[in-house]
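Note that the chains are named A, B and C in the order they appear, and that numbering of residues resets to 1 at the start of each chain.
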Amino acid sequence: MTDLSSVRRELRREQRSLRVHRFFRNRQAVLGACIVLLMLVVAVFAPLLAPADPLAQTVSNRFAKPGTAGYLLGADKLGRDLLSRIIYGARVSMTVGLSVGLSSMLIGMTVGLYACYYRVLDSILMRICDGLSAIPSTLLAIALMAVLGPSTFNVILALSIVYIPRMARISRSAALVVKEQTYIEALRSQGASATRIIWRHIAPNILSAVVVQASYNFANSIITEAALSFLGVGVPAPQPSWGNILSEGREVITKAWWMVVYPGLATAIAVMGTNIFGDGLRDILDPHTN
Amino acid sequence: MKKVLTVVLAVALCLTAFTAFSPAAKAEPRVLNIALDGQPEHLDVAMSSMDIASEVVFGPVYEKLVAFNGENQVIPELAESWELSEGNTVYTYHLRQGVLFHNGETMTADDVVASMNRWIDAADNANSLVGGAHFTAVDENTVEIRMETGTLYLNEMIAGLGQQAVIMPASVIAAVGEGELVQEYIGTGPYVYNEWKADQYIRLVPFADYQPYGAEGDYSGWGGYKTAWYDEVYFYFPGDNATVVSGIQTGEFDIADRLNGDDYDVFADDEDFTIFSDEAEMPMLIFNKAEGVASNALVRQAVQAVINCDDLLYASYGNPDLYKLYSSYMFESSANWYTEAGSDRYNQNDPEAAAALFEEAGWTDSDVFRILVRTDVSDFYAQAQVIQEELRGIGVNCDLVAYDASSYSDVRNNHPESWDAFITSFGPKVLPNMNLFLSASWAGWCADERIQSDLAAIASGTELEAARQTWDELQAYMYEEFVPVVKFGSTQLSGVCSSDIAGAFIKERLVWVDAHPVNG
Amino acid sequence: MHKYILKRLLSLIPVLFVVSLAIFLLIHLVPGDPAAAILGEQATQDQIDALRETLGLNEPLILQYLHWLGGLFRGDWGTSLFMDGTMLEIIGSHMIPTLQQTLVAVSFAALIGVPLGMLAAIRRGGLTDRLVSGFSTIGVSMPSFLMGLGLVLLFSVKLRWLPSSGYKEISSVGFGKHFRYMLLPGIALGFIEMGLIIRMTRSAMLEILDADYMRMAKAKGVSRTRMFMKHALKNALVGILTVVGLSFISCLGGAAVTEAIFNLPGIGKLTLNAVMRRDYEVVQAVVLMVSLLNVLCTLVLDLLYALVDPRVRLN
């Protein structure tokens, strides 16, 4: 038994180093990882990086042009520094992205795993998931935000609800494949507990599919948060989020282009980075799906 | 030679005459395109006070017993004349005869009674002014209202209240239940409500049987000789400033009813366009006097002390020409009630005094001042953020509690425990009592004994001078002690139209369309 | 086949039931009510309460839900508190701009995406391939509201070529002018789908190029172009068709955001407005309708797939 497990461990290590190797050979994936990492750094160290307090107003400098002293990227309607607001906006995006990615992964996976194991639960849970995913995600998110009221936490809650059904579906179908395998049957006949089988034996085997999906949820929730804030139902002012800066910018697009261009670029780069990173992850974890 | 010339001339004349009478010459219908600042929820303007709905129908489609002219004087409209009894308790109106509704019915006393009573039931201000009394028909063409206590201001209320006292057929009112919206928009005005393409436009067309009142050309304010100048009037809801600006520039819209402060400069010096403005809004912070931290008058005084009104208005309008800084709770234009009493407490911008007041009020770091904001009105949202920063500057915690419009009303009316102040704005009022922010029953709950008894005295007073004196002292008391609200200033509303159009103007928040082609 | 269709149709019933329950509960849990929107900001709570009563909003939720469901079974989709006409008329008239926009979006995505994807597949590994792939990555990373804002900034604000928002009916202004209004929203909505279509076309083409019969054709000396047009494209068509179909569905759902930016009176805008002013039955009907369309489109796509490609088994 010890022998076997050491061999298995060795095998895993080798596989891991192969994956790492493959990852670094994929230049796009490395680029994506760098962007995601950069955003995380910006988000964590925002107070050190931002040249000014993102909330401090100097009303007389309303809509100062980019390059005005103290306003590298210009000022907004209340004379706040746009650069600092974009830097702090990264915090909102990263918080939402990570939280939604993680929570939808944990809950979706749990739902999927139990659905695959218990038939009755399966039919109920999957009907609910089908129903929720039949509603277009933007509309569902808008309706949820109307119920919950605008706040960062509620955005996380609403987006998790939107992304959980698909995650549950994916984990369920991956888990069904694993469940069919003979060693699971064997474990069952030996009387292993359901919890043990689900979490010790099935869960690790579906992890790669789940992680890949979670990385897409991460990217999508950044987009959707920005869209919700843009529509005025997401993160409320004065807290800066890229979406609500863009929404303010939309109103003054004819006279303050910087209010649209810079937060727009930040959003585009962030989404692109997370998408490329997700593709890279899929290539190394789940090469067959492509 | 002469002969030839004569022939040519004759032919030319004939041709001119021919083209002048040929149908081709008048083929193009005259169309007026108006960009509205939003889509109304409905057009039943008697049920609720909504500026954009009133802009569409009040004046063009609906008319009232009496109206204001350009000098704010009450002039007859559907009532030909009226009488006041001794003590001002009975108003009798003699109706104009032979007035037709758009559905072909002739207007009678029954229609007027039904419309006016529905209005009294729906409009709190009117209801309290008449003390719950109702109109009755005296004969086919005469109506009256008998009140317990007299009032001088019923005509002003009818002409000026935002919840419009418009006259519609009794049959339209009878078709729906009490408190429900009417299903048909039928009035007596020069235009007929024709079509509402949801989320796109509302269309009006001329009323063929309209009989103008008074002498031709004698038009002023909302009353007088009205003409349907256009074959079609469209009200569009373009939704954002950029579209309105480019639409006006390209001629797609002839009139825009609201010009954003930031777009003012675009048209200000361009002679192809005319900007029309009116001082029409009074944005203010309204405290929750019923419960929470703001129920303490010292806290309210402290907030009043810290506010810098100039910054606040500059932040949302971006152009000092578009607002005025003065303290009176009644507009400068309301000659009877304008007063500078208590003005030394206005626009203090004094952080130290504010901090001292907060300290005196026993403010601690765990206390939070919560401003309720609605996410769809960006001006108020910006102003709330400026106040938040000013409070943060003196170490006072301030949260913005944001909701969409519908939840906002719910929270404001039903959950006073979850907010301490909110921002809204009011238009000009003919009487101090009509200011909702002084009402004891409206959000903010101004249930102060002195304020309410003084207001009652003003409403029932028969001597204008005494009433004015009472109001003067009351405003000083409110600035110095009670502080029900913090007034920021008064702001202009501006609209813009192409210079080919005359007669569009903005007054008391409404654009009334007597607009007509310059050489029409 | 018939049995399969019947089975699939029956399986829609529980899905739609969940949708109806979810959206009903959601929208009725929202604080605030239509009475407040009808009466305006300066109304008192007494007036609002009275109107709530007349509108029947004080009935127990379960009764309101059953009323609604009952109506649905009789073919009655409900009525709007704010708009005239039956619900189907309202939805129908708002569906037109959405469909027009979606049509522009999908045509744009397919017209640009399919050729580029094929080009990348033919030039596999080369510079063109990498450029196209990079472009498609930008495409899939460009949310419609960003693309929309960018297009407005460039084409409306800077160049003044196209209107920044608004909608004109074909019947009143003719196709040319109508199209000027639909172009920017269509591109904004279709851009992300274009990225997806490039990717899918490329991989579908590659798969077929690698297939045995293609190698055989090559060995037999069939010309390159002919080979492409006749064999590869025909076989790749199934995959491409699916992606185009899927992008049609996702455009329908995603139009809410572009409609808000470009102020188009479409389904998304209708929903957003209805949510904002708590026009309950409109929200319920629209969401149910859109979800129904969504699942039906997916079903039709599956069936088409099965018809075109005999390798797909129905089970």
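The rule is simple: a contact is a pair of C-beta atoms (placed from the backbone, for glycine too) under 8 Å apart; a residue touches a chain by one contact, two chains touch by 3 or more.
All figures in this text were calculated on a predicted structure; none of them were measured in a lab.
With centres computed from CA atoms alone, C is the chain lying nearest the middle of all the protein shown.
Each of A-C and A-B has its own count of C-beta contacts, and the greater count is at A-C. Chain centres here are Cα averages; for subunit B and subunit C they lie 40 Å apart. Here the spacing of subunit A and subunit C, counted between their Cα centres, is 23 Å. If you average the Cα atoms of subunit A and of subunit B, the two centres end up 47 Å apart. Residues of subunit B found to touch two or more other chains are 240, 242, 376, 403-404, 407.
Shared interface positions of subunit A, i.e. residues touching 2 or more other chains, are given as 146, 149, 250, 253-254. Annotation for subunit C: residues 30-31, 152, 157, 164, 276 touch two or more other chains.
Contacts from subunit C toward subunit A in the complex involve residues 14-19, 21-23, 26-27, 29-31, 137-138, 140-143, 145-146, 149-150, 152-153, 157, 164, 203, 250, 252-254, 256-257, 260-261, 268, 271-272, 275-276, 283, 287, 290-291, 294-295. Against subunit B, the residues of subunit A that register as touching in their complex are 55-57, 59-60, 62-63, 77-79, 146, 149-151, 232-233, 236-238, 248, 250-255. By the touch rule above, subunit A contacts subunit C in their complex via residues 28, 127-128, 130-132, 134-139, 142-144, 146-147, 149, 219, 223, 226-227, 230-231, 246, 249-250, 253-254, 257, 260-261, 264, 267-268, 271-272, 275-276, 290.
Residue ranges of subunit B in contact with subunit A, taken from their complex: 240-242, 245, 260, 262-263, 266, 311, 314-316, 318, 373, 375-376, 378, 381-382, 385-386, 388-389, 392, 400, 402-404, 407.
Every residue of subunit C that touches subunit B in the complex is listed here, in rising order: 30-34, 36-48, 50-51, 53-55, 82-84, 90, 93-94, 152, 156-157, 160, 163-167, 169, 263, 265, 269-270, 273, 276-278.
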